[in-house]
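In order of appearance the chains are A, B, C and D, and numbering begins at 1 in each one.
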Amino acid sequence: MERLKIATVWFGGCSGCHMSFLDLDEFLLDLAARVDVVYSPVVDCKDYPEGVAVCLIEGAICNEDHLALLHRIRARTRVLIAFGDCAVTANVPALRNHLGSGNAAAVLQCAYLDHAQDRPRLPAEAGIVPVLLDRVRPVHEVVYVEHFLPGCPPPADRIKALLTQLLHGLTPHLEGPPLTFG
Amino acid sequence: MAAKTLTIDGKQLSAEEGATVLQAAAEAGVKIPTLCHLEGLHDIGACRLCLVEVAGGPKLLPACTTLITEGMEVTTASERLKNYRRLTLELLFAERNHVCAVCVANGHCELQTLAGQQGLDHVRYDYCFPPWEVDATHRLFGMDHDRCILCQRCVRVCWDIEGAGTKHVSGRGGKAKIISDLDDDWGDSETCTACGKCVQACPTGALYHRGSTVGEMVRDRSKLEFLVNAREKKLWSV
Amino acid sequence: MIAALAPGKPKAAVRAAQLLGSDQRFKILEGHIKKYQHRQDALIEVLHKAQELFGYLEDDVLRFVAWQLKLPASRVYGVATFYHFFTLKPPGAHTCVVCMGTACYVKGSRRVLAAVEEHAHLKAGGTTPDHQLSLLTARCIGACGIAPAVVYDGTVTPRQTPETAVEHIRKWVAS
Amino acid sequence: MGGLMTLADLQQIKERELAAQKKIVLRCCLAAGCCSSDAHGVKERLEKAVAEAGLHHDVEVRGVGCLKLCCAGPLVQADPAGTLYTHVTPESAPSIIAALRGDQTALTQTDPNAAFFALQHSIVLAHSGRIDPERIEAYIAVDGYAALLNALTELDPKSVLETVVRSGLRGRGGAGFPTGLKWGTVAKSPGAKKYVICNADEGDPGAFMDRSVLESDPHAVLEGMAIAAYAVGADQGFIYVRAEYPLAIARLQTAIKQAKRLGLLGSGIFESPFHFNLDLRIGAGAFVCGEETALMASVEGQRGTPRPRPPFPAASGLWGCPTLINNVETFANIPPILRHGADWFAGIGTLRSKGTKVFALAGKIKNTGLIEVPMGTPLRTIVEEMGGGAPDGGRIKAVQTGGPSGGCIPAHHLDTPVDYESLTTLGSIMGSGGMIVMDDSTRMVDVARFFMEFCMDESCGKCIPCRAGTVQMHHLLEKILARRATARDLAKLEELCDLVQHTSLCGLGQTAPNPVVSTLRFFRAEYDELLQPDPHGPRPAAASAPGATVS
């Protein structure tokens, strides 16, 4: 059987969802036996490859790099999973959205200048520091997403259930205690 | 009072005349989702989550304000109703800033729980991200308008049970807002008795005890029922 | 002496008495409220009169009405903010109300409004910093037969264009 | 006089009025439309010119209500010839006097027998533009209050009710509920105290029928209300009129004062035990107050938020008492029905929609103004023959009826007869009678957005589907208009329309999606044109059967 290509990606989030993924413990070994993790914060790979079967997306879409990569991911992946509250609802990263237009500048000003303890300076390096979007967005507001795993973070057994069903070629159906935001 | 017989989701049952569909269903063990309903307060039929189908009529009726009639056939959980409930909840989540992960009511929130029960795993409408503020001027309580769903439970509890009339709704439509007195800072209110009933009544994290942090705001709804029974029926059963 | 037992802010009654003494208009309003026998269901009528007297409904006026009708302030505020006709901010010396009813809309009231907004550097609902002009929109003033209509200082004016509207407000904005 | 009015008194007033009638009457329209073009100046100048010419024994200058052709105002009509002068100014007014003497006049005229006037059938507007609405004597002279007198002295409440039932009159406020049935329910409801309310909160943008009726013939509404009160057993009435209609308010105040002075309102009317008190309540700018439960909340001095029905107002309304609510035009139909009989009224109109309907014709049409036509008149007759079609060579594209609760009827359905059922079939409603004509230059998605913005701003905020649903629908329409939306967004819009229609608490919410639904039904191509391709949308079914598995 051909080994499936799996990816995980980390956008605007705290990496807690990835921690929850690592909480899968020995299931990770079962997974490793069946799939290749071709792109992930824990894999040293610069480019998102073609022909990926499943991608777990953690985090909200906050900057132009996120946006560009997400479009590439959508084009090269069969099934996207919005992974955790930041990806599903934009969550905490989107708190700046309430400030209205110009919020990105306001947030940078507050964090890097007004409250800097040492050498106040805006991070700016063309081509390296990505430009913030004016509106932090959940993943499905940008591209079509097949499955959603809300939770902050989503519990490990839920991740396992979803991946197992997907790998067995089933239409995922999650049962048991309801999954909620938060 | 006379009893009426009716069917709810295929179950034959009888309930007292004057009972609402919601009460009759509860007695029969059928749970109909609600948000603006709270035992002890008069119902206003605002949240539309308890809408049910009644055979013989095209209109959906709110279970909380519809009285039972003889021979009534009620359906509470058709696919159509479940879909409407999901959409209504989606609208609520998109309307204000419900950030469950950092909410005082996380894990104890009726909105969050309902969303889970209705299988809502994401919101398809664009979030509005309105700029609401937090009123933290009261020495005991806080009001976070970001989490408010305008169910008016706090208003009704303040008028109907406490009788102070501190809380009301100002403005209208999406700009409607729960206020204290003349939209004063809550801490400056001359009418608020600091009884805390509104905090107990709130279904979400909009009203909270100061000092409670994420997930710590647990409510005691039974106190309101206890009070109503004590006042109206002179029965003090804790 | 009794006041000494309740230190702190003056109670509503004391404040109402102060207002009565401070401004003749409160006396007139009180007379009007008496005419309605202090009936609580006359709240909207009373607010109409109050706005007529004061031009807008400032906090003191609302508190006075609440006190007179023995209603909680929250109810008075809730009602005053529910209806578009009541304004809680002082209006400008002149008002320009662009009707945005359907008939006016299909006949170009949007362009009329945009022209006025641009000329006065003002958004609908706002007042110029010098308090000379308030720009408002109306849902429909029922003057559909002569659309698009604009109300300048209470005078309904028919068949307005961006040019005629700007011409009309020019003197108010310039002065 | 006060309370001792009798048939003889009424007769006497009428005879005095008729005796004082002068040979020539110059009727000056003083309705809001013409007033905005200085109709008062015209009237003053005419009076002066009459005096100067020494004609005051022969010529009366009379301020009257609406002369209907609003687009050509200020209007002056000269009796007995019926000559109708248009666009009269204070400067040009004196030449009307000259014309009376046979001189040439440069004043523009319009043919009073043109289709716009000739095809009208005036019942509600019978006195509009003819009598001085500020004088009760003028109303009495055209048999005003005779129907009330007859009801109180000759008929018992039951037979009044029966007459209204037999007439087939249906509510003119929008929904078309049978008026007699409503009255009967209130009459039957137990309770010592009952109320009658006249809904004059004409909130639909593009509608000014009720305003014109109130400005032109306020006593007809008062009389209709008194008759209704007698029929259902009420002794207190309220007229809830919007603050945006200052002239209508002033004329109602005058009318109520006059009627009270003559003892036609108050206690012991026409020496009968019936008493009826009438008060005016001024709205304060809330469209939702047109909804009856919201209106009652407003009359009680509350926020105008609706409540679930049942209980209906007929059983539990104002302060919990049985309450009859009808709109202005409905009440104005009552005195003629009692005067001429139920059969006469039932003989006009169609099988299920009896009588006439007043429409406010506006928008992209030559003749804007007020028309009253028998129910069942084809839309084409109204907009093409009477309205004269689109101006400036444009083509009529659609007719919007029913305001924000209604829909857009496309030009190819213009042969539809105007009655309650036909309009509903087309996804619109009769509504209160606003009729806005749209031509080729109107973009229908923009029209839908306009109405949605209206509903969003006017939502009271009580129930979630209306409060939050209108915001999302408006957002989606803006997105479509900005060419940023995809087919998925359109699907979401349609889904929301369905939700808001079926789950909102009151009529405002339930009908808020109508303009979208009806434009989608007839002008879907205009939506599709604005949609963008969706490169990141769901995979075509073949690429990943069933939906989202990986194998």
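Rule of thumb we're sticking to: contacts are C-beta pairs under 8 Å (C-beta built on N, C-alpha and C of every residue); 3 or more make two chains touch, one makes a residue touch a chain.
Predicted model, so just to flag it, every value in this text is computed and none were measured.
Remark: among chain pairs B-D and A-D, B-D carries the greater number of C-beta contacts. Measuring from the averaged C-alpha position of chain B to that of chain D gives a distance of 39 Å. The geometric centre of chain A is 57 Å away from that of chain D, both derived from CA atoms. As a whole-number value, the distance joining the C-alpha centres of chain A and chain B reads 34 Å. Rounded to a whole number, the gap between the C-alpha centres of chain C and chain D is 27 angstrom. The set of chain B residues touching two or more other chains comprises 124, 126, 169, 171-172. Looking at chain D, one finds that residues 286, 303, 458, 460 touch two or more other chains. Per the contact rule defined earlier, chains pair up in contact as A-B, A-D, B-C, B-D, C-D.
Note for the complex: chain A touches chain B at residues 82, 85, 88-92, 94-95, 97-100, 135, 138, 140-141, 145, 148-150, 152, 178-182.
Within the complex formed with chain D, the residues of chain C that make contact are 39-45, 47-48, 75, 78-79, 82-86, 100-103, 105-107, 138-147, 149, 155-158.
Within the complex formed with chain D, the chain B residues making contact are 44-48, 51, 60, 62, 65-67, 84, 87-88, 91-92, 94-95, 124-126, 128, 149-150, 169, 171-176. Interface residues of chain B, counted against chain A in their complex, comprise 93, 97-103, 106-107, 109, 112-113, 115-117, 119, 121-124, 126-127, 129-132, 146. Chain C meets chain B in the complex at residues 9, 12, 59, 62-63, 66, 71-78, 81-82.
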